[in-house]
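In what follows, a single structure is set out as structure tokens and then discussed.
In order of appearance the chains are A, B, C and D, and numbering begins at 1 in each one.
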Amino acid sequence: MSTITRNELAARIAADIPEGSYVNLGIGAPTLVANYLPDDQEIILHTENGLLGMGPAPEAGRVDPDLINAGKQAVTALPGAAYFHHADSFGMMRGGHLDVCVLGAFQVSQTGDLANWSTGAPGAIPAVGGAMDLAIGAKSVYVMTDLLTKKGESKLVAACSYPLTGVGCVTRVYTDHAVFDVTPDGFAVREAFGDNTVDSLAELTGLALVDASAGSVAGSVAAVVADSVASVASPEED
Amino acid sequence: MSTITRNELAARIAADIPEGSYVNLGIGAPTLVANYLPDDQEIILHTENGLLGMGPAPEAGRVDPDLINAGKQAVTALPGAAYFHHADSFGMMRGGHLDVCVLGAFQVSQTGDLANWSTGAPGAIPAVGGAMDLAIGAKSVYVMTDLLTKKGESKLVAACSYPLTGVGCVTRVYTDHAVFDVTPDGFAVREAFGDNTVDSLAELTGLALVDASAGSVAGSVAAVVADSVASVASPEED
Amino acid sequence: MIDKTVADVAAAVAGIADGATIMIGGFGRAGQPVELIDALIEQGAGDLTIVSNNAGNGDVGLAALLAKRRVRKIICSFPRQVDSWVFDGLYRAGEIELELVPQGNLAERIRAAGAGIGAFFSPTGVGTQLAEGKEHREIDGRRYVLEYPITADYALVSARQADRWGNLVYRETARNFGPVMASAASTTIVQVDEVVPLGALDPETVVTPGIFVDRIVAVGERAWLRKGAFVGGVDLEGDPIDPAKEAAR
Amino acid sequence: MIDKTVADVAAAVAGIADGATIMIGGFGRAGQPVELIDALIEQGAGDLTIVSNNAGNGDVGLAALLAKRRVRKIICSFPRQVDSWVFDGLYRAGEIELELVPQGNLAERIRAAGAGIGAFFSPTGVGTQLAEGKEHREIDGRRYVLEYPITADYALVSARQADRWGNLVYRETARNFGPVMASAASTTIVQVDEVVPLGALDPETVVTPGIFVDRIVAVGERAWLRKGAFVGGVDLEGDPIDPAKEAAR
């Protein structure tokens, strides 16, 4: 089936974020979403290491090592920014003040469980960072991921086999094949890209899916996307 | 027996506070201690409504209603001051960062329980403010009070009959008759003023007292104090 | 463009319904959002639960709201003051419910609500009437009492300056409960002396980031600041030692 | 006169004993007190427990301390980074103990230690391996895990400026863990770019009040600030998306 590129997916997610939202883009691929936020709207980015009003990467030669994002990349601060310490920053997340957070994933279960911090592989060095705080730390938790692993297995699952990051925390999953909402009845297909259908997605995932796509495709970024072979993986796999 | 004045007692307490201490002086009579802190030493005053480095009352005509102490009196801020919000301010107290806090009392028990917020009288309007936080909020909790009530009853007691402010929290009691340490063996007379003796204090309080005064009177402010009739009451009685 | 400023205090308090829980900032008169409270009185919502350190001073602000019988219950630490006669009368008449909370527990419970903490063990109040019936636990040799968050539908806060994103700075000890209350309410409404352009506030010195703020209204400089940094003659009521009383002892 | 400044970094870390628990500020390299860590290496204390968000970057600072085998255990949230090879090697060899804590719980546990909170219920980590064996409770329909304070004998913190009373201001996201660690340790040691006269810091903008600070040492402006507010060519390692890896997918 056809897929959209990582950048197309980032644009698709960006289109769902209303002006005035407070948004945390995690690390890795989700940070691409920032590139597609409309220039004429104000959407305020949070980075959990202590900044609201994060701006884009600095110009070459203007790197400031004291000003970084959660991925430890150089960033800038916009007019209207504010700095704060870690307890305040994570209180902001835990207290439910962020509107949207976009995360990568290894697996998402049909009850909204998220696994994105550890493969549980023996000998792997564990590292969690802010993953568990982010997973429970926004009004809407969006996952950005390929639908399938490199081995072709579905990342949408009945129950996660990888160690959990959070329980019942995911609101919506944006994949290269389709957008899924987590509902009390399981995954609902909100929008299928290209030639994907609810039936074909059900076959790929091995899950019973709800059809919630009626009318939702029109006007979306993805509606015009044809076959693309780029993959959208979560950076936590690296 | 002879007693010292409220101001003499404030001076006596001030003499026990080393340079560099972080000190909270409660409200009412304990605030007099500030008048006797030596001008050539730096002792940093905390007021729990959000200021470290509190200075004296402003000159007439220079009252700033945004700058008040815990008793809601106008104060000033010294060079080196810092403002903070209530959760930070009470965290500072609760976390044991203050060296000394000086409080008034209705009663102090020989195990160091403090009662200073409520007489428990029927119909009284209860108000606690920061009393319970202060009681447990310093490395040394000093009480400043008359030894006797207006009816002649001892404020040092075997067990408090008034509602408690804190349990086992008092370090030392400065009264108009004598200074008492709270010890595992009960009250120990650290210093007796004028013609007070351990025996006479035991009679006044009706408590068995430890004599810990040997050598501690010499050179103290109180040693030169003769009969004084001024009383030292706790403001919370008002 | 994000612009949280509203035209006037009436717009600021629009939509507050009967039965709402409202946090009101301030310690005594410092930081008390008097203009917002006046607007709330005008707006008319009643049967309110108020969370505030004190229970009103004199006949203005919170005291005036109480006098209008709009408040069913107040959660506070220090209702009784030299100038709390409005509350005193209602309380004695059994016409207002009081939940008394030690001041630090009040601040921390509000902070917990804003920071997503489910409950916390505090050493304050252990062994006292105010901890009776609450869960106790000994941790590492010290006794603690379990305290729960205090949330609210609205917070009314007074600050010095805001930008249109809602970033706030305060002034001196008027900061007091503002930052924690702003974080704990579903809708935070702030009155400021002035709104400044976006970027005018140094991001290092913002005390309340705009994420916690929903509506901003400029009310002009407060009366005592109009003639400069200080004024005399302001009726600053304290909890003073009464010299007459003291002399009579 | 209160003067918390000390002459040099050796004086700043004097007295740290074997077996001490030490908090080290910083998120990656931002705010990492490299000069104090170097002094600690020189000073020689070992068998340490370190509390820090990361477990060292490259071969300097915390990584160098680890490489000297001075650290028995580390409590952190994110040890594995692109440049954490020193930690990685020790961990794989079983030569360092790791307590992994979600980043927000780490910050809040440190804050709790500083603020005298006995324990708190956090929603972070519920249902995960990192909450296994811990007490859980449902409060108001949500599940929480009970987390305890993390205290320390020392905190090593990097800040922008201090006065002699120990008031601190930070710079940008280098603030990160500094304020909470300063509040949580028995002895807080701070390296700053510069010490300014008492009164030079605006009391409205002090981030860490001096009450939390014991020793201050000026280490001069950090390398990347020497030529102005920005420099190029600094080896700023991130956790980047590796373009080569990405292309190969």
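Criterion: contacts are C-beta pairs under 8 Å (C-beta built on N, C-alpha and C of every residue); 3 or more make two chains touch, one makes a residue touch a chain.
Bear in mind the structure is a predicted one, so any value in this text is a computation, not a measurement.
*Asks:* Taking each chain's centre as the mean of its CA atoms, which one is most distant from subunit B?
*Replies:* Max centre-to-centre separation from subunit B belongs to A.
*Asks:* Consider the two chain pairs B-D and B-C; indicate the one with the greater count of contacting C-beta pairs.
*Replies:* Result: the pair with more contacts is B-C.
*Asks:* Where the centres are mean C-alpha positions, what is the separation of subunit B from subunit C, in Å?
*Replies:* Their C-alpha centroids are separated by 28 Å.
*Asks:* When the C-alpha atoms of subunit A and subunit C are each averaged to a single point, how far apart are the two points in Å?
*Replies:* Chain centroid spacing, subunit A to subunit C, equals 38 Å.
*Asks:* Taking each chain's centre as the mean position of its Cα atoms, how many Å separate subunit C from subunit D?
*Replies:* 34
*Asks:* Give me the residue numbers in subunit D that touch at least two other chains, ranges are fine.
*Replies:* Where subunit D meets two or more other chains at a single residue, that happens at 108, 111, 115-117, 122-123, 170-172, 204.
*Asks:* Enumerate the residues of subunit A that touch no fewer than two other chains.
*Replies:* 51, 77, 83-84, 87, 90-91, 93-94, 137, in rising order.
*Asks:* Quick one: which chain pairs are touching?
*Replies:* Those chain pairs satisfying the definition are A-C, A-D, B-C, B-D, C-D.
*Asks:* Hey, which residues of subunit D end up touching subunit C in the complex?
*Replies:* 108, 112, 115-123, 137, 139-140, 142, 144, 148, 169-172, 202, 204-205
*Asks:* For the complex, which residues does subunit A have touching subunit D?
*Replies:* Answer in residue numbers: 27-29, 47-51, 58, 60-68, 71-74, 77, 83-87, 89-91, 93-94, 113, 118, 123, 125-133, 136-137, 150, 163-167, 231, 233, 235, 238.
*Asks:* For subunit C, which residues are in contact with subunit A within the complex?
*Replies:* 1-2, 111, 113-117, 163-165, 167, 183, 198-199, 201, 203-204, 206, 209-212
*Asks:* Considering only the defined contacts, which subunit C positions touch subunit B in the complex?
*Replies:* 27-31, 53, 77-81, 87-88, 91-92, 98, 100-108, 110-111, 122-130, 143, 170-180, 207, 222, 224, 229-234, 236-242, 245-246, 249
*Asks:* Touching subunit D in the complex: which residues of subunit B?
*Replies:* Answer in residue numbers: 19-20, 22, 42, 44, 46, 51-53, 77, 79-84, 87, 90-98, 137.
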